[in-house]
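Next come two complexes, and both contain subunit A; in the first it sits with subunit B, in the second with subunit C.
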Partner chain A sequence: MLNHGWPGSFLEFVPTIMPLTEAATTTTGGNVSFHVVVPSLPGFAFSSAPPANWTTIDTARVYNTLMTKVLGYEKFAVFGTDWGSAPSYSLYESYNQSTRVAHFAFIPFLPIPRAQFEEQNITLNSSLLEFEQQQTEAWSATGNAYLLLQNTKASMFNSL
Partner chain B sequence: MSRLNAAPKMLCTPREQLTNPTQSQQHAGQLESFYIKRSIAYRLHLSTTLPIMAFVTAWVLSACLISVQAAAVTTESYNLRPFQINLTERVPRMLHLIRETRLPEKPEYPSLNDTAGISLDVLKSLRQQWLDDFEWDREQASMNRYDGKVVQHSTLTWIVSIISSPMSRAFRSISSIKSRRNPMLFR
Partner chain C sequence: MLKQPIGSDPRAGIGPSKLDHNEILRSVSLYCLTQSFVSSVFMYFQNAVTGGFRQNYTRPMTDAPMLYSAFKYNVGFWPPDAVAKVGNLVEYFNHDFGGHFPGVDNPPALIQDLREIGRYWEY
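Coming up: the complex of A and B.
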């Protein structure tokens, strides 16, 4: 199961689908190929708006039922990127009898503010960590207006 | 998309997980707490990214699909039906709106480039591309190559593409679903 991100759609996976379904060989020499299931996330292209109290955990629940009981996959792997990481993570966390593997290209992970580092005894001890913290701070300062707007003014978008 | 690339990534890279177990455990804890902390934000985000597509969805469902059963259902039901995208008759109106949209002649803050939002030049070129080069029927045919299904769930309706691998044994289960003629209802 491949779960796309925001502001994308199921089309993100068009280049990936056919190679996954074709016969391939693993690094250990095993034969492998996949059935691919690509949902359009709730609220995204062609899929309906979920109720106001719907969460990505609910999405994981119905996806798990879809995969196991409707489509008949007892076990499956999930891939998530960006927003699609949220239901994918929940699938792996809550339904690991069926979701046996999870792979993420991008988990939207917001580190805690720098002001809380001391009380939580956190030190950024590499240039990579420092760089990523700075990226986060820059995004929080000037890059997340879309997120705030959509979080707080949903009705406005519904009227556009 | 470039905004997405600029968004924060996980603090802990796989390499660090291997070399620094204490740190990786700490980060795993952070990750978990992040998901707990963010669950409300996620809920809100989910309920707010949808309005844009809700319009499209209502549009599509009314145009080419099904009448949604509005009855309150206590047990969850999942009903799979074939789904083909067909928005062709809506395209002229969309192109009309794109053509008639009035954009400023020059950017208000040229020195800020795209840090203050999409640049006017980019927006204009995208509009031109949409008007001159965009062929909806070709795009639509491309999307309809895949086996689209609409999943009518008791609470929401969503679209899923199921692409079977001819190489894989589980193919049987997919074939049997395709051959089912009655809606599937189960607890």
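Coming up: the complex of A and C.
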């Protein structure tokens, strides 16, 4: 199950779907291919809007039912990015009988500020990791005004 | 070349990246034609209280393997030591090409990382 985020959609995964269904090998030579399920988060594209008081924990519950009861997969692996990481992580955390591998490109945790790295035993031991840390710090400083709007003034978009 | 969208590799549309003008218009059109922009942002405030994005890094009970793929220009970044606090981290892949939408920004890398799930899958 591949879970998109905002401002994305199932379209994010279109280039990956066919290759994932085809016979391939892992880096250690094992055979691998997938059935691929790409749901739209509630409120996205053709998915109905989330009801009042709906959270990503509810989305995870529905996704687990979709995979196990509706589609009949006793066990599955989940991938999540951006907001899709929230229900994916809930599946990993709370449905461990069915969610047997989780894979993320984003996790639903607020990044740990650099000032706390030492006490939290976090090191950046490559120039790529350092670059990425600087990117996310730049986003926090000058790139996230939309986040405040959407957290607190979402209905404003109705009048635009 | 495109003006760099936030969180995207400046090499958008080049090499492995499928993130060209057509791809962006396709995404914008999907939001527009399904009239789903407003409903797509409900998630932000609906989860603001319950903590869609949490502050406390805790290790869940599950023993299931967890993999992580970082892409150079992603807006969100968690170092390996941080990711390892919230799961049974068995792989941390890091790519110097791609950004926030790896499925279009660097599909070959995401595809190969996803295939590595096969190494940890128990039948």
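Everything below uses one rule, namely that the second predicted complex is superposed on the first by the 121 of 160 C-alpha atoms of A that agree within 3 Å, B and C clash if a C-alpha of one lies under 4 Å from a C-alpha of the other, contacts with A are read in each partner's own complex, and residues count from 1 in each chain.
Note that in this section a contact is a pair of C-beta atoms (placed from the backbone, for glycine too) under 8 Å apart; a residue touches a chain by one contact, two chains touch by 3 or more.
All figures in this text were calculated on a predicted structure; none of them were measured in a lab.
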Partner chain in contact with A:His103 - subunit B first, subunit C second, else both or neither: second
Touching partner for A:Ala154 - first (subunit B), second (subunit C), both, neither: both
Touching partner for A:Ala86 - first (subunit B), second (subunit C), both, neither: both
First, second, both or neither for A:Ala77, with subunit B first and subunit C second: second
Which superposed partner A:Trp139 touches (first subunit B, second subunit C, both, neither): both
Partner chain in contact with A:Thr26 - subunit B first, subunit C second, else both or neither: second
Partner chain(s) touched by A:Ala49 [first = subunit B, second = subunit C, both, neither]: both
Set intersection of subunit A contacts, subunit C complex versus subunit B complex: 6-8, 11, 14, 20, 31, 34, 41-46, 49-50, 53-57, 82-83, 86, 89, 106-112, 122, 126, 128-129, 132-133, 135-136, 139, 143, 147, 150-152, 154-155, 157-158
Subunit B to subunit A touching residues, read off their complex: 1, 3-4, 6-11, 13, 16, 26, 30-31, 34-35, 38-39, 41-57, 60-61, 68, 76, 78, 80, 83, 85, 115, 142-143, 146, 150-151, 153, 155-168, 170-171, 173-174, 176-177, 184, 186
Complex interface listing, subunit A residues touching subunit B: 5-8, 10-11, 14, 17-18, 20-23, 31, 33-59, 62, 65-66, 69-73, 82-83, 86, 89, 106-112, 122, 126, 128-129, 132-133, 135-136, 138-139, 142-143, 146-147, 150-155, 157-158, 160
Subunit A-touching residues of subunit C, taken from the complex the two chains share: 6-7, 18, 23, 26-27, 30-31, 34, 36-48, 50, 52-55, 57, 60-83, 85-87, 94, 96, 100-104, 107, 110-122
Interfacial residue positions of subunit A with respect to subunit C in the complex: 2, 6-9, 11-16, 19-20, 24-28, 30-32, 34, 41-46, 49-50, 53-57, 77, 79, 81-83, 86, 89, 92-94, 96, 99-112, 120-124, 126, 128-129, 131-133, 135-136, 139, 143, 147, 150-152, 154-155, 157-158
